[in-house]
Amino acid sequence: LGAALVAGRAGAGTGEGTPDPKITELQPWTAGPGVGVEANPYGQPVRFEAGVVRRNVPWFSADTISAVNFTPLQALDGTLTPNGLCFERNHAGVAEIPPEDYRLMIHGLVERPLVFTLGDLMRFPRESHSYFLECAANTGMEWRGPQMNGVQFTHGMIHNVNYTGVRLRHVLQAAGVKPAARWLLAEGADAAAMSRSIPLEKALDDCMIAFRMNGEALRAEQGYPVRLVVPGWEGNVWIKWLRRLKLGDAPWAQREETSKYTDLLADGTAREMSFVMEAKSVITSPAPENPITHGRGPLVISGLAWSGRGRIASVDVTLDGGVNWRAARLDGAAGPKALQRFYLDIDWDGRPLMLQSRAVDQTGYVQPTKEALRKLRGLNSAYHMNGTQTWAVDRDGGVTNVELG
Amino acid sequence: GPVGRAALRAEIAAWNIDIRPDGAGLPPGQGSVTDGEALYAEACAACHGDFGEGLGRYPALSGGQGTLKADRPTKTVGSFWPHLSTLFDYTRRAMPAYQGQSLTDDQVYALTAYILNLNDLVPADFTLTRQNFTTIRLPNADGFRPDDRATAEDPLFRAPPCRQDCRTAPRITARASPDVTPDDAN
Amino acid sequence: LGAALVAGRAGAGTGEGTPDPKITELQPWTAGPGVGVEANPYGQPVRFEAGVVRRNVPWFSADTISAVNFTPLQALDGTLTPNGLCFERNHAGVAEIPPEDYRLMIHGLVERPLVFTLGDLMRFPRESHSYFLECAANTGMEWRGPQMNGVQFTHGMIHNVNYTGVRLRHVLQAAGVKPAARWLLAEGADAAAMSRSIPLEKALDDCMIAFRMNGEALRAEQGYPVRLVVPGWEGNVWIKWLRRLKLGDAPWAQREETSKYTDLLADGTAREMSFVMEAKSVITSPAPENPITHGRGPLVISGLAWSGRGRIASVDVTLDGGVNWRAARLDGAAGPKALQRFYLDIDWDGRPLMLQSRAVDQTGYVQPTKEALRKLRGLNSAYHMNGTQTWAVDRDGGVTNVELG
Amino acid sequence: GPVGRAALRAEIAAWNIDIRPDGAGLPPGQGSVTDGEALYAEACAACHGDFGEGLGRYPALSGGQGTLKADRPTKTVGSFWPHLSTLFDYTRRAMPAYQGQSLTDDQVYALTAYILNLNDLVPADFTLTRQNFTTIRLPNADGFRPDDRATAEDPLFRAPPCRQDCRTAPRITARASPDVTPDDAN
């Protein structure tokens, strides 16, 4: 424990100074009762946390029906995203499907085209796993330089949830995948009938058909009653309200894998089927929403790191804009393709900081700078911006999204 | 008994809406640019503009050819999309926005023909059919390549990173504009 | 994958039978939009899950202010309890403390009596851990035989949460614990000023001062802004709305450790300071609330196991009331003193079942029968009922809480 | 600077409400059975009954002596509680219910005296003071022993359990009563 946390204090217990009325006067919550156990059958956050909400950016999209909102990363700790705060990206609003009306069809290159009810799916062997889901467009605003002054908006198109469901391969095996099959089309039951082509190899590897998130039923905005879980891959392929799985020998060139979710490079060509989310990290406190208000002394620097290729091996943090780096403490051992919390406990001397974090994943891939990505791809890539993020902390503790030269 | 039940032919037919670039999945039918123009004016122009130029933040469906290397590319069916099948597939499943699967197949053929015409890819008297569908090649058909990050980029990012005295003292070159961030964020 | 799950089906894809209108007719959620991303800044469960709530039992207590409600274990999967569903046990209702008014005092046998704000506490090094919290009275109704016909009521005074906070020892070290100190009094700021004596050894071991649960701020009913976390020990000592920590050389004999939370034995004497929650398990499906509705064939049997002494080593399940047992599959590796999910995937032949689960923890302790506990303690113990639970499944899949002879 | 600040004497005094069996923490003051009886009637009897017998599901504060081995023991201050300090401490911190810390110290002395009298442990003319407090010994003072499960019970539960042919075929001897379970549970 740092010396700063236990240093001697003048006057301890001596009775000097003005007593704090919050201690010397009986407070209402100590003098009288609160609500009883029948008041909130499904509990809500306390009113003092009313600012901890998903936020959308009105100028991002034409309307709020095909639109996105953002997870308030600045207000969270640990690694789990509470269900009520998981960012939403819908293309035709939130489908509301009565569970008894839910059907899943498997057809195409299979021995036995099948239809499942929700109850049917729950009869396969179940597993639970925590995975991050990051939109490929997360941080995409920053391709052209610092735009949004808040970690909720720069990095909030991500959440990390513990899913319970069944392995996709078990369900596909029930239908009997034909040898010619190479690709899977996954399709949603929403009014956009969201659809993506997924290589069969991935489908048979670690994908899940999930019906629970963080212990309870999937939320409607996350695909109730059933979503596809595609660990480590861009969020757009995690089809919600999953209604159909079709096996085929070639991809389908859906709108979301041609017009969108392709990465336009400087030479005018575009990368397609860029599924994996590469290693990335961001400091969530201090951050623009979390200025330092306590002045000098012990300061907890904290953030999140993740990689679509597996576990996070290490995270370094710089206080001086990249001149020197030190190892952050990884809290616990997050599973593969899940958010990893990191901390660096420092003694702040009150001088300005230029904070960055840099993740390294189990494959040895090192999170690059934004400049390095721009040199390789140009400025029009829109997706897959996983460059290191800089927060400038000024003398009074205020924090701004900046870039350095 | 076993889990799940056999999918019936009529059920598969009802949900089997996907179309592939090779034409697999195309339904019987046809539609002319002229029919498409009328339908487009009624069902699409309010969002996408009279000429597919896009209104507000609703996407443009035409134009932008030659802009893919520009400072601000315009990515449309004409300038960016590789396959016509995607236009048929997406219009049928998702457009007009938020009225999923409301168009007839002939209407989708006609709208597809009209959007091709808006992009100067077919003449005004053109009729799109299941038969001639795969003869249409979009300008940017060759503009895509598979994900090559693992070979083209990742090796650059696999060196153990510098941790001491890595660079000269940095200075701030750009700051986020407070104007774009929603005001209740802090 | 069991043969039953992939067995051939007549008529697959052949067009026989009556097509399902839920497939052949366009459904409203596919034909039209749902709500947009501005609709639910803090998301809620979908309306179809309205039955998944905490429930109280009116006849348990004189009123609902000092009362308990129960976690709906039957509706959850995985191991995490969503914050809105964590059972509540309050003694003066839910205290609502504005975070800026929060104070924590440490005094007694310390070098430097200290006062902390919430912001102060967040400057100590943070960690996140998942732990179960079980009320010592959980399952206490069953001492005299089967009472409640629902796993929510027999076993629902438990939750399992990932806490973020600081180690209690770091905060105590800041005040400087004097050598004579042996016990810690922890006290809440609610109108019951809930208080318990805790051995200093435990306080310096794995206790935490927590300010986040499952990623977000503690809920008011769980002690917002700060609660004590006492891993593996009975829930009553996990003081909520923590306002005071006093070091002393002897325990305080508080009402909650004399009149209550002592275990009356058959000889009329009572055990006191019985903190640790011993190994226990329960099947959550099938359960009285989860009858088997799908008839014969693949059946997922699932439940939870836990131990206040560490990890769960294994769980056995019997289908025949204890004649023969087979090993359940443990899903993932839960941390010590956390809920462990288990599954047994069987092919149900439609005959009546007498289901029980039996946990073994890392110390080799085997969950006993209720009868074994009654023989040792009599019927008046009220607390610490960790005996094996029996569910009788009848031919039509209905499930009843029973005991066997 | 360092985290936290010194607790001031007045602050510690305001919150330092705990009392120990040895009397540590007892404030100056006193109260008679007679004073306690009047206050009890006004502030306590509505829930705990005129004679501490408990009303509805509100707990009894008197009676039950000799029932600890009975089929349904009555655990009260007189029959079960080991220490008088607990009664003072708890009444002061938590009673009347949901009006935390509303009584004066003298009132708590008086109520404590009266509840002792309700349990026939002090005469009607008794006055409880800080001085005579620790001379009062409750009947069940010796009724408690430390947690001995680890030695007394756990060894019985550490044998590797039987897993095959462990018992004769069981039969159901008792079933939960549907009447006690809330009706919306299923």
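Letters A, B, C and D name the chains as they come in the text, with residue numbers starting at 1 for each one.
As a working rule, a contact is a pair of C-beta atoms (placed from the backbone, for glycine too) under 8 Å apart; a residue touches a chain by one contact, two chains touch by 3 or more.
From a predicted model like this one, the values you see are computed outputs, not experimental measurements.
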Query: Just curious, how far off is subunit D from subunit A if you go by their C-alpha centres, in Å?
result: 48
Task: Find the geometric centre of each of subunit B and subunit D from their Cα atoms only, then give the gap between the two centres in Å, rounded to an integer.
output: 71
- request: Give, as an integer number of Å, the spacing between the C-alpha centres of subunit C and subunit A.
  value: 27
Statement: Each of the following residues of subunit D touches two or more other chains, namely 2-7, 11-12, 15, 98-101
- line: Flagged in subunit C as touching 2+ other chains are 5-6, 8-9, 12-13, 20, 23, 30-33, 55-56, 65, 92-93, 105, 107, 112-115, 120, 123-124, 174, 190-191, 193, 297-298
Query: Chain contact graph: line, ring, star, complete or other?
result: other
Statement: So the touching chain pairs work out to A-B, A-C, A-D, B-C, C-D
Query: Given the complex with subunit C, which residues does subunit D contribute to the contact?
result: 2-7, 11-12, 15-22, 47, 56-58, 68-69, 71, 73, 75, 77, 80-83, 85-86, 89-90, 93-94, 97-101, 143-149, 152-154, 156-178, 180-182, 184-186
- prompt: For subunit A, which residues are in contact with subunit C within the complex?
  reply: 1, 5-6, 8-9, 12-13, 20, 22-23, 27, 29-49, 52-56, 63-65, 67-69, 75-86, 88-90, 92-99, 101, 103, 105, 107, 111-115, 119-120, 122-129, 162-164, 170, 173-174, 176, 189-191, 193, 211-212, 214-217, 219-221, 224, 241, 293-294, 297-300, 302, 329, 331-332, 341, 343, 345
- prompt: What part of subunit B is in contact with subunit C in the complex they form?
  reply: 1-12, 14-15, 98-102
Subunit B-touching residues of subunit C, taken from the complex the two chains share: 4-17, 19-20, 23-26, 30-33, 295-298
Residue ranges of subunit A touching subunit B (in the complex, touch as defined): 51, 55-62, 65-66, 91-93, 105-107, 112-116, 120, 123-124, 145-150, 152-153, 174-175, 185, 187, 190-193, 195, 243-244, 246, 248, 250, 252-255, 258-259, 262, 264, 266-276, 278, 288-289, 316, 320-326, 354, 358, 360, 363-368, 372, 376, 379-380, 392, 400-405
